[in-house]
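Both complexes shown next keep chain A, but they swap its partner, so chain B is in the first and chain C is in the second.
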Partner chain A sequence: MTQETLLIGLAGVLASAAPVVFAVIGETLSERAGVLNLSMNGTILLAAMGGFAVAYTTDNILLGFLAGMLIGALVALVVAFASITLKQSQVAVGFVLALTCRDLSYFLGSPYMGVPGPRLQVVPIPLLSDIPVLGTLFFRQDFITYLSFLFIFLAWAWIFRTRSGLMLQGIGEKPAAAYIRGANVTLMRYVYTVIGGALIGLTGPAYSLAIRAGWMGTISGLDGIGWIALAITIFGGWNPLRGAFGAYLFAFLQWLGLVLQPVLTQVPSQVLQVAPFPLMILTLLLVNIGNAEWVERTLAAMPESTRKFFAKLLRAMRASPPAALGVPFISRSRKRVLGGLYRRICARGRKLRAVFVKY
Partner chain B sequence: MKKLLQSDWVSRLLDGLLPVFATLAALLVGAVMLLFLKVNPIEAYLSLWDGAFGSANSLAETLVKATPLLLVALGICISFRGNVINIGGEGQMIVGAILATWVGLKFTNLPGWVIIPAAMLTGFLGGAIWGGIPGFLKAYFSVNEILSTVMMNAIAVQLMNFLLRGPMIDPAQAELASKIPQTARLIEAFRLARFVPTRLHLGVLIAVILAILVYILLWRTTIGYRIRAVGHNPHAAKYAGINVKRYIVLSLLLSGAFAGLAGAIQVYGVNYRMITDGSASGFTGSAGFNGIVAALFGQLHPILSIPASILFGALLVGANKMQRVVQVPSALVIALNGLVVVFVVSSEIWRRRRQRQRLAAVREEETASKPGQVQVAEKEAKG
Partner chain C sequence: MNVELKNIHKHFGNVHANKGINLSIPSGSIQGILGENGAGKSTLMKILSGFIQADPGGEIILDGKPVVIHSPADAIHVGIGMLHQDPLDFPPMRALDNFLLGQSGGLFPNRNAVARDFRRLAEQFDFSLDPDSYVDSLTVGERQQLEIIRLLWLGARVLILDEPTTGISASQKSKLFVTLKKLAGQGMTVIFVSHKLEDVEHLCDKVAVLRAGELVGEAKPPYTTSKLVEMMFGKVITLGARQPAQGGNAVLSLENVSLEDVRLKIRNADLEVRAGEVIGLAGMEGSGQGLFIRACAGLVRPVGGRIILNGRDMTGKSYHAFKRAGVNFLPAARLEEGLIPGLSLTDHFILAEEPDGLFIDRAIGQRLAEERIKSFNIRGAPHTPVESLSGGNQQRAELALLQDPLSLVLLEHPTRGLDIESVIYIWGKLKERCRSSTAIIFISSDLEEILQYSDRVLVFFSGKVSRPLDAGKTSVDQLGQLIGGKNWADMGEAYD
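For the complex of A and B:
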């Protein structure tokens, strides 16, 4: 393999990871706010179909991307309404939506099956694309891939370097405290879930208008991407930078599987196809191993120097979810305090109660 | 009238009927969708009903479709009660079916009454292994079970594709150029008894009996009590002396086992062989996912899951007929399935609000009559 083909392959890895990057950032924002958007797998398919259909009928790629974002935002709105306002189980609602959206996309997309549609073109950035190695890698991509590079840093800076981002972390970690500090938890959760949903929606057209242009129904090979993105979100420890690294790692492993197939002919093709999944489980295991009780006990029994090394390693890999993830927030704390007071007064006697009601 | 509505048994009845109302509401939304497709909804629904229950044959088909749904739903009842989310029904069904098929193809010289129970048991075990691995990872490494079960699905599919193309391929197909990825057929003696002339098989009976057994397990045994206790509050369960980790593994293991059994029964009762089109739903018909929906519809109760899975079986079977008669894509009915569940889940909020109102009414009465005992009434309301 020459250096040139290797570089082009790696550039392809960056491009094919772009849709997953959007999904991971979207899910990260949503989960940081405390809402688990489990509908991702269906949303991506529906957005891919919808985005392609719109771009095909209007012959305008930008409209296709906007349609995908709109679909993602709408599905996220349903998730938000069910989980924030109705306080339903986010897992049940999200899962049902994941199945429904998937089936809906196959149903509604049947007229667009296999029609050749518009496709995003590669736009080399002048000057920058002429840099020897980096130019091929980073600056000869299509528009959506550039956008994915940009969003990684934007999302990271927003969450960890701004005041609103701090509040975002607050409503996911300890909504009651954020509420006391003046945050409108319900509204914020709605906003972040919908923005996250729009980003997840962007994943769909990023496939159907760029990476795997066209809509192929059940054989699009998109079914399952959402679940992988969910795993990468967790692997990323709800941090866009780490999440993006996970997405690139996954794309790289997939590419490696394709490249190695002709070399390792005695290995069945299914093994290479399936390899990302056990690897993903393994990474999840490594990320979580620091949280296990028995690991700490084993560490404590080790000699000092090894213990320090392993503890550092585990801390680096460890990630814990936002504390209030999936927990509905009941923003009636003030009312409840007053109610308790009211009831206590009631218990003292009917007379006092009459006085309280009067004033 | 208000008093009647608030009386105990009437409100209980209303709560019980809520899923029915929710289904009707979903069908109403479906009717609007049908109108948009310029189809007469009444005609469409009549053909759906006819396709699902119209004749003995279609009723049998409905029950055949409902059987794997019910078995998966039973497993889901166990795991969701233990607050463990098992989305790996598809993979567990596949692994159970692979192991059961292997038993049936390997020991052809043994009598049927040995092989059939043995195959069911291996199917059960296969599902248990495939569910137990995520359970173990969750309990001892706190790996999120939703993700690991989904990944295990993908692994199971590729395992099936590999085995059916290679080691387990039908010897007759291996010689042909087409090489259809399927196993050989099970011999006559190993097939589950059928109620001829329909395709209804003994598996239906097994599923119903197991539903009763799961009910007994969950509400009449210590194991079931502990699973539910861990699901309600793992910390409280831990301080009550329950080995929480072990019961997390157990609930996923049992959940997977029932899905595995569903796969085994699918092979021994319906298909008599395994065949793959490369995807999971090609073999399972998405029963591993739809079973979750059926269990949620049955309010995670094994007995209520029986009518729930029959309903979804009927929707699936009736969809084919509806598709033929009024020319709508059967995917619409699958979307209808989702609608039903969304409506049922949201009707739950209504039920809870009524429950709160009832408790509040009780509390009000208590306060009015015995002001000194407010605290007690409050405690009751919380409990």
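For the complex of A and C:
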């Protein structure tokens, strides 16, 4: 393999990781605020289909991307409403949405199956693209890949460097304490869930209008990306930089599978294609193994130097989730308002049931 | 700032938590608010700090001007800051980020300037706080200090402290008191909420006593303890005399036990506990006593040494093996580790019994629950979910769940947050156990409790364990010095 083909291959890794980067950053923002958006896998498919359909119909790529973001934002709004306002289980709501959106995308997308549509073009950045090595890697990409680079740093700076980001961390960690310090927890959770959803929505057209242009229904190969992105969010310790690293690792493993195929002819090609998934899961296990009690017990029985080494290693890798992730927050003064709303909904439900029974 | 509360009422459903409270607190004074658990102290303070709103008709007047406080953010805006009993901070974040979080201003905070303010304030009150340290590595006392300087930085001129002396060491307490006196001297209004008489007597310029939602009276120094107790409870209560144990056989022996976790190490601790004996573990939060008691319960495996229980070597055995051998552990976090929220008292008693067949006999459970509720004086019904019981009643329920007979009971902060009446009741029950030759090891941050109820005391200081001290010959002062790490050399053959 020449240096040039290697570089182009690695540049391709950066490009093909871009959609996963958006999903991971979106999920990170949402979970940092304490809302687990489990609908991601379905959202990505629906946004890929919707984004492609809009771009195809209007012949405007930008509108396609916007449509994808809108779809993501709307699905996230459902998650937010169900979990924040109605205090329902985020897991149940998110999971059902993931399945529904996936099937909805196959159903609604059938008219666009296999039709050739618009595709995002590579735009080399003048001057920068002529830098040896770095130019090929980073500056001969399409617009959406540049955007993914930008968002990694924006999201990181927002969470860890700004005043609002500090409050975001607080809302996910201990909402009661954030409320004391003046945060409107409910509103902020809505805002971050919806923004996060829009980013997750961007993942869809990033595939269907760029990396894997077109809509192929069930054989689009996008089913499962959302779950992997969810796993990478955890692996990334709710930090955009670490999360992006996870996304690149995943894309790299996929690329490696393709490159190695001609070399490792005795290994069935399916094994190499599927390998990145169990590898990601293995990584996750390793990162969080320090939390298990049996590990602690086993370590206690080992000699001192081994114990020290493992304790240090496990602590360095361990990332703790936002403490209030998935936990509803009810401030005293709002309880009454929400309770009233809830009672009204229940009363309406009873009335409806009465009507049904009657007829 | 002068604070005046006029005709404050608060209803929670049918419960009348505050009944027409009128109280005026002049600027530059330390006002004590005294009352047993559930007397309405916390409700009143939550109203003043904007956490909840009073029923219409009441007034809060600051420096002669009536104010309306809708939220904690409003409260700090008008200059009222509250230090909550469980620090409302963010443990995985750095102290500086905690300090900064919630301050209004531009998008990018100037961390250097903020760190300068932080250091200046910390220095002013002689707090040794590092802005770059993580809050989960700080003690409860240090987290309080962080919260105090934060509230002052945000411009608080009224500081409310809710049970601030729970869970902090004696030296941190004396530092806190010095700080509060200094603040009052600077014209701040300090409101000190507590059920601990000695703290209030020591510190406050004026005390208001609440009982069952009403302000029953105010007192000024010199205070008479018996008078205050009578106001709090409506009757006279006295502590019994110390009851030393008779020596029995060795129940538990630790031989050269070494323990470690990510934060500290205990090296070569030795202890022999006899039947019917009470051992108190004293030390600042996180000095190793929690690790030690968990090792005695089989929850932590020692990295060296042997644990022998009733003559059997139990080193490295699991918690369940310890439990079968007659050891029960009641952790400090009652609702997280001790009881199961959502289940009723009856459910708990059924769960604690040996299973008899696959199906639950509700009738027996009901009978059992009624019997235990009566004998342990729990204020609740068999069907009451445990999380709706008060702290004291949860603790009684936990005691009622202990196996019988037992050779060793391990207790972590058995009376934290409880009023004196519950404390006396719980220790009465525990001493009953001792008479039937059960040994007790307990952790407490209340040094007087340790000296009152234990036979011998172990002191912990950052992983160092003292030799057992005779509780009858040790004073609160000595103990206070030791847990602060002073005078260890004078103890003769102290272990490290």
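The definition used in the following text is that the second predicted complex is superposed on the first by the 317 of 359 C-alpha atoms of A that agree within 3 Å, B and C clash if a C-alpha of one lies under 4 Å from a C-alpha of the other, contacts with A are read in each partner's own complex, and residues count from 1 in each chain.
Criterion: contacts are C-beta pairs under 8 Å (C-beta built on N, C-alpha and C of every residue); 3 or more make two chains touch, one makes a residue touch a chain.
Small disclaimer: the values here were computed from a predicted structure and weren't measured.
Of the two partner chains placed around the shared chain by superposition, neither chain B nor chain C is touched by A:133. Comparing chain B with chain C, the partner in contact with more residues of chain A is B. Within the superposed three-chain model, A:93 lies in touch with chain B and out of touch with chain C [touch as defined at top]. In the overlay built on the shared chain, the residue A:170 is in contact with chain C alone; chain B does not reach it.
When both complexes are overlaid on chain A, the residue A:300 reaches chain C alone and has no touch with chain B. By the touch criterion defined above, A:106 reaches chain B but does not reach chain C. Shared-chain residue A:267: touches no atom of chain B or chain C.
Note for the complex: chain C touches chain A at residues 46, 51-53, 70-73, 76, 82, 84, 88-93, 97, 100-109, 260, 262, 300-303, 316. By the touch criterion stated above, chain A contacts chain B in their complex at residues 38, 82, 86-89, 91-93, 95-97, 99-100, 103-104, 106-107, 110, 218, 224, 227, 230-231, 234, 268, 270-271, 273-274, 277-278, 280-281, 284-285, 288-289, 291-292, 294, 343, 346-347, 349-350. Taken in their complex, chain A has these residues touching chain C: 161-164, 166-167, 169-170, 173-174, 176-183, 296-297, 300-301, 304, 307, 311, 315, 320, 323, 332-333. Against chain A, in their complex, chain B makes its touches with residues 85, 87, 137, 140-144, 146-148, 150-152, 154-155, 158-159, 161-162, 166, 279, 289, 292-293, 296, 329, 331-332, 334-335, 337-339, 341-342, 345-346, 348-349, 367, 371-372, 374-375, 378.
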